[in-house]
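Take a look at these structures.
One chain, subunit A, links the two complexes that follow: it is found with subunit B in the first and with subunit C in the second.
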Partner chain A sequence: MRKVKCECGHVNPLGTVLCESCGKPIAGNQHIDGNDGKKLLNMRYDGMARRSQTYTKSFVDRVWSFFSSVKVGVWLIVIALVASMVGTIFPQEMYIPPDAPNRAPSVYYEEQYGVFGLIFYQLGLHNLYSSWWYMILIALIGVSLVICSLDRFVPLFKALRNQKPKKHKSFLSRQRLYSESYEITDEEVVKLKEKLKKRRYKLTEANGHILAEKGRFSRWGPYVNHIGLIIILLAAILRSTPIFYMDEYVWVREGETTVLPGSNGEYYVENKDFILETHDDERFRETLEKEGMVASNYQTDVVVYKATRPIPGAEPELEPIVEDSIQMNQPLEFDGYELVQSGYQLNEFTNMTFKIHETDDSNEESLGTFTVNLMEPESEFVLDNGFRVVLDQYYPDYYLDDDGIPASETNFPRNPAFVFFVYPPESENAEVSFLGIGKNIDASGENEYKLGIADFEMHDVSGLSFKYDRSLPFFGIGAAIFMIGVIQGMYWQHRRIWINRTKDGELLMAAHTNKNWFGVKKDIETVIEDTNIKMVDDQQELDEKEK
Partner chain B sequence: MDLVNLSSTALYTAFVLYLIATFFFGATIRDRRTDGKKGNAGKIAIIITVIGFLAQLVYFIARWIASGHAPVSNMFEFLTFLGMALVLAFIIIYGYYQLSFLGLFALPIAMIIIAYASMFPTELAPLVPSLQSHWLYIHVSTVALGQGILGVSFVVGLMYLIKQVDQSVKSKGRTWLEFVLYLLFVLIGFVVITSAFNIANYNATFEYSAGNQVIATEYHLPAIAAPNDSSLVTEGVMKPWFETPGWFQGEDAGRKFNTVIWSIISGTILYLVARLLFRKRIGATIQPLLKNVKADLLDEIEYRSVTIGFPVFTLGGLIFAAIWAEVAWGRFWGWDPKEVWALITWFFYAAYLHLRLSRGWHGKKSAWLAVIGFGIIMFNLIVVNLVLAGLHSYA
Partner chain C sequence: MSLENAKKSKRKKKRNRLIFRSVILAVLIGATIFTIVSNSKADNSIYRAGDMAPDFQLQQVNNNNELETVRLSDLKGKGVMLNFWGTWCKPCEEEMPYMQSLYPEYKERGIEIVAVSLDNTEIVIDRFIDKYDLTFPVPHDKTEEVMDLYKVGPLPSTFFINPDGEITEVVNGALTLDRLEESFQSILPE
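This part shows the complex of A and B:
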């Protein structure tokens, strides 16, 4: 490896921009950090050699250089940003409103948003955030993050560990804050040092040259926060495996006990009661009048059972393990699982009781009744008095479709309707009746007997998410590390003040900080009080300020 | 006096105090011109600002007690809180840099936000179940604080541009800067026109059918754009000129669109009047006020506000938000439009911070970024809330 020897005697590795020891710019390498033709030196990484800038020949070198460029990183972030915007133009597939006329994505987008909706759908933008290219984009940001950090961390670490107070004049005078003072006495320098210490600067001295430094640890902030981000990305990968994440959804009727999907038949849940409460508070009267009902509580009272099977294949024995109320914002946790209140359906019909009476009987005196279980209807009912009723058609959630043909919108008994065949005693000829809520139709107009709804029972249904997410601790750790790193890098700053003295009483002072120049100037102002040391000039170049 | 009245009186007081403080900050310009050393105007101004802030705190606490929950749960409450956060951020940054001019620009922006907030329904509203969580308060107040601090970077960035953009030659920068200032006029226009018709108690009701229901929408501004497929019920009011196209989605799309039209019309009129009055571009009119401020210092404050605001925003807008979502919905991230826009904001400021690391991204370019960044925040607040319906959309 070719080394570069500086006039101070220090031997620098290839690609060094500023001598590691005295800071003198190394001729021929100034283009690397863009110092050519500039008054001020670029102080990022203290002009250390970086792999990405030094080796650019082989394929690996090029990939490394590509990903370690902040420019590339910023482009990736900007592309991700724009892509994310595009996905919010229309709702994502999972946010298609439940009451949309047709929720099939192939229809919905075109119906609602015309041509643009169709294009949105055809480009797959309705599932943008889980698309392969969005994932790749995020992964590339991760790769860039790792390479970029490694490329800079090592040189920066080395540079900050071996700092020499004595710097070359061309290094000092090309710092943004710089001053030259003459005829400075030793007493003044002692005073200066005292004040620097009071401001919590750490001093390093060699031959009367001083380096005052504080907040160095803040330089590690970006690396710490990038580690946090990487942990978050890794956690996201973990979360995509079933070991770390499971999410199932189950509808449970009041009074019903069902197996929890995804628990391998190990857990059952019983819905004892679903409660929906609404606000009725004097304080909110005006709003409630305007908006109508506002819910105040969604709650399911549940019992969770653990199933044991003494004999394989036999009916499980259920042993209650927890009994609790689940509310929104208060999920139920047990055995590492979670049950979350996620949806509800009010007033489904549990069963309906019908009576038979003579069509002409104005008192509608009952000749017999039968009850239809609306979850699992039987197909035939034989009454005590000899009537036989066959349930020919059952529409749990009745509506007339576009062609005027009866159909069921869902499988839930929300608006049940029936076609019954009524066989009077000893008769082989059926009378046909169509019944629904508020409907009672005799198609032939000649029926001798009529059916009527005598009674019904209703229940609510609760929608519960059943899940575990074992990746959460990793996200938590990643987020915490990210925050620590960001705060470390943002709320503290690395300030350095170099004070070099020449034999004839000349004092050169230069200062650098990674941010908050105002703060370091204030520091210098206070430490040079009562001395003849000149305040530093801010030499920031006009081209950086813009004219 | 009951708590609700106390609370709204306190808010009104705060608003007036901010206005008075602005004039005192304005007076500091004269101070410098005459004798060069600092007068008392700056000191008085900041004291009035702090009192105003305390008054707003009274508003906040009284309303909290009255409603039983922290007042950050609808558009009015959130925007008011954002205005308050902006003032707080300003006070903190003023404490560090002692720059009076900042008050002259930051307080009016905070006032516009508060005035804008009070155009939304201000009655106490109950909380739906998903909002009943302490994490809501923690999340929303941290977000608002973060956005307030980022708001300072917007204000300072705007000051930088007004100062540095050359008004004597035609350039893209000059046009865009004027456009940003024009947008502020549109916001003011919205406030003015809404207040005017509210005072006049204007009302026109439209009916339209959705599915098998008939829905009524009340307009409080004369209808230029009626809801799609609707009929006007109220008599003796202005007939609509046209209907809102059907692809405007969401509840009350027609009314919102109508409000936007009115805001633009009245904002434009205000802008033109101002142009006639000053006979100069608005940018050129304000520019001389900033003669004595150092551009470097503005650049520095703008950057520092981002470095301080970014972590606060990350904590509130992403981390606390995720914790709350996990507790309420059992999923910490769901790609809801509001969440996505928080992510976009975060990406944007991350890009800003990285760009600042390199040469050539200081000064004007960076000031533009600070302005755009706050534009994204406002977009999230206004457009995403009102147009791209999602879990969070208030009102």
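This part shows the complex of A and C:
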């Protein structure tokens, strides 16, 4: 493999832009950093040979050099941005509103958004952010991030570690800040060095040539920043595994104890009470009248139990472990899990009390009452006065189906209806009554006795999220490292001042910084005070003036 | 001599670089594949054909059936049709008569129907059983724990389990009589 020998004697690897030792631009390689036809040197990565730019031998090398291109990285980010935007045109599948007429995505999108909705659905954009190609795109950004960083960090690190104070004149004179001074004495140089040290420059000397440098660590900022980003991506991968993230939802009725889904039957929760409070401050009376009810508190008083049971479904043994109130944004935490107040339904029926009276009694005087527990209804009620009532049919959520037959729409006692057989004392013949909310139907029209709803009790249902997210600390660490990297690169600058002396008392001074040129000029102004060293010219400014 | 050494060290460097790059690329590709696989698996139906059916035990509430509790592992050696249903669910109601019409014959031939009800109250199940004269066991999953265990979505959902306890087929939605009989053939004990 060819190596490039510089006139200073140093042998540089192929692809070097500026000699590793003396900094002299290497003929024929200036295009790599875009130096062609420019007076000033591009100091990017200090002119080191970036491997990926020169060797493309094996398949692995070819893949490597593809991903090491910043251009590729930027395009990947642009594509990901566009894809992410496309996903927001219509709601994602998980955000189809619960009250939509038809929540099946195959129907919903076309019904709601017409032909564009249909295309959106058929292209699978309704699940864009968890689609395999979107994840691959994000992964490719991650790959590009890792390889770009490694491919630049390693040579830059080497370049900055092996800096030589002596540089070629063409390197120095093509720096942005440059001056030539004559007849400079050793005393003046000693003074200069002391002042540089005072300003916290680190000096490297060889044969009277000086390199003064400070803030080198600011050059690592971007790489530290990328490490943070990579940790955030890793945290996102961890979050997709059940070990690090779980989010389940459970409805618990007041007074009910139910298993927490996703805990493998290990935990049960009891809802002791659900509380919905509203604002009723006199000062806001007018607004409240206009706006309607405004909630001030959603709260569930719960007991969490740890369960032991041989296999799923078997009757568990429950042992209470926590008893607490869960409020909105104040979840209950136990054993690394969280229970979060996430929803509610008011006013399900708990029980209903019925009374029997004679059909033609206009005062509806009660002959006896019985109570139906809607969570566990009994099928027969025997009253003290000899009446016997059989609950023939129970519809927890009554509606008439397409054929006009009574049926239940859901499993929950939201709109209960009943068919009762009423047996009067010492009678074997039943009278049939149908009762529901606002309905009281005498099937035969000849009933001697009528039923009526005397009383009822209601309960609320609380919706709780049961979850854990163990990936959060990793996101935190990643974000902190990201921020450290930003600060490192933003608030410090890598300043270098080269001072080379020739035998005839000539002193060449050149300076480079990655940002804040004003600062480095100020530094130079201070350190050359009381000496005959000429202040550096800002050749970039001169360039512009000439134009 | 020194030229040879230089060549040697260069070859070594090249090899190290190749190893380094290959390892990094392999790790990155591995992480990507892992993410995609673990995300695609997060879909709701965790148990698929080929998986072993997880065991459970529930109270049996059908008075026409002699079992008091149903434990899936007790049914090893028999083909099991594990059906999840509710009285309020219309498609469940449609397939029940088909199940009952095949039950007496296939029970003789070694198939058990286990129809897990997700109703809240026993009385509605009783009335439903009376209406269709069901004789197969109806375990009552009041807390929906078994439903959660099988990651059942919308009802009805049916798992066909062969005599070895392995799920051979998962059907989401109602079954027709023909389809039901066909599925029974595949889980018949030898």
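The criterion applied here is as follows: the second predicted complex is superposed on the first by the 364 of 547 C-alpha atoms of A that agree within 3 Å, B and C clash if a C-alpha of one lies under 4 Å from a C-alpha of the other, contacts with A are read in each partner's own complex, and residues count from 1 in each chain.
Note that a contact is a pair of C-beta atoms (placed from the backbone, for glycine too) under 8 Å apart; a residue touches a chain by one contact, two chains touch by 3 or more.
Keep in mind that this is a model prediction, so the values were computed, not measured.
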{"item": "Which superposed partner A:Ile311 touches (first subunit B, second subunit C, both, neither)", "value": "second"}
{"item": "First, second, both or neither for A:Met246, with subunit B first and subunit C second", "value": "neither"}
{"item": "Which superposed partner A:Tyr491 touches (first subunit B, second subunit C, both, neither)", "value": "first"}
{"item": "Partner with the higher number of touched subunit A residues, subunit C or subunit B", "value": "B"}
{"item": "Partner chain(s) touched by A:Ile136 [first = subunit B, second = subunit C, both, neither]", "value": "second"}
{"item": "Partner chain in contact with A:His279 - subunit B first, subunit C second, else both or neither", "value": "first"}
{"item": "First (subunit B), second (subunit C), both or neither touched by A:Val4", "value": "neither"}
{"item": "A:Val189 touches, of subunit B and subunit C: first, second, both or neither?", "value": "neither"}
{"item": "Which superposed partner A:Gly114 touches (first subunit B, second subunit C, both, neither)", "value": "first"}
{"item": "Which superposed partner A:Leu383 touches (first subunit B, second subunit C, both, neither)", "value": "neither"}
{"item": "Common ground on subunit A, meaning residues reached by subunit C in one complex and by subunit B in the other", "value": "none"}
{"item": "Complex contact set, residues of subunit C against subunit A", "value": "10, 17-18, 21-22, 24-25, 28, 31-32, 34-36, 38-40, 42, 54-58, 71, 73, 86-88, 90, 118-124, 126-127, 139, 141, 143-146, 148-149"}
{"item": "Residues of subunit A that touch subunit B when the two form their complex", "value": "34, 42, 44, 70-71, 73-74, 77-78, 80-81, 84-85, 87-88, 91-92, 94-95, 99, 112-114, 129, 247, 279, 281, 283-284, 286-288, 290-291, 294-298, 327-331, 338, 340, 342, 465, 467, 469, 472, 475, 479, 482-483, 486-487, 490-491, 515-518, 538, 540, 544-546"}
{"item": "Subunit A partner contacts - residues on subunit B that touch it in the complex", "value": "66-68, 97, 121, 123-130, 132-133, 164, 211, 247, 249, 295-297, 299-300, 303-304, 307-308, 310-311, 314-315, 318-319, 322, 326-332, 334-337, 340-341, 343-344, 347-348, 350-351, 354-355, 357-360, 362-364, 384, 388-390"}
{"item": "In the complex, subunit A residues that touch subunit C", "value": "1, 51, 58, 60-61, 63-64, 130, 132, 135-136, 139, 142-143, 146-147, 150, 234, 237, 240-242, 258-259, 261-262, 265, 310-314, 374-379, 391-397, 401, 407-413"}
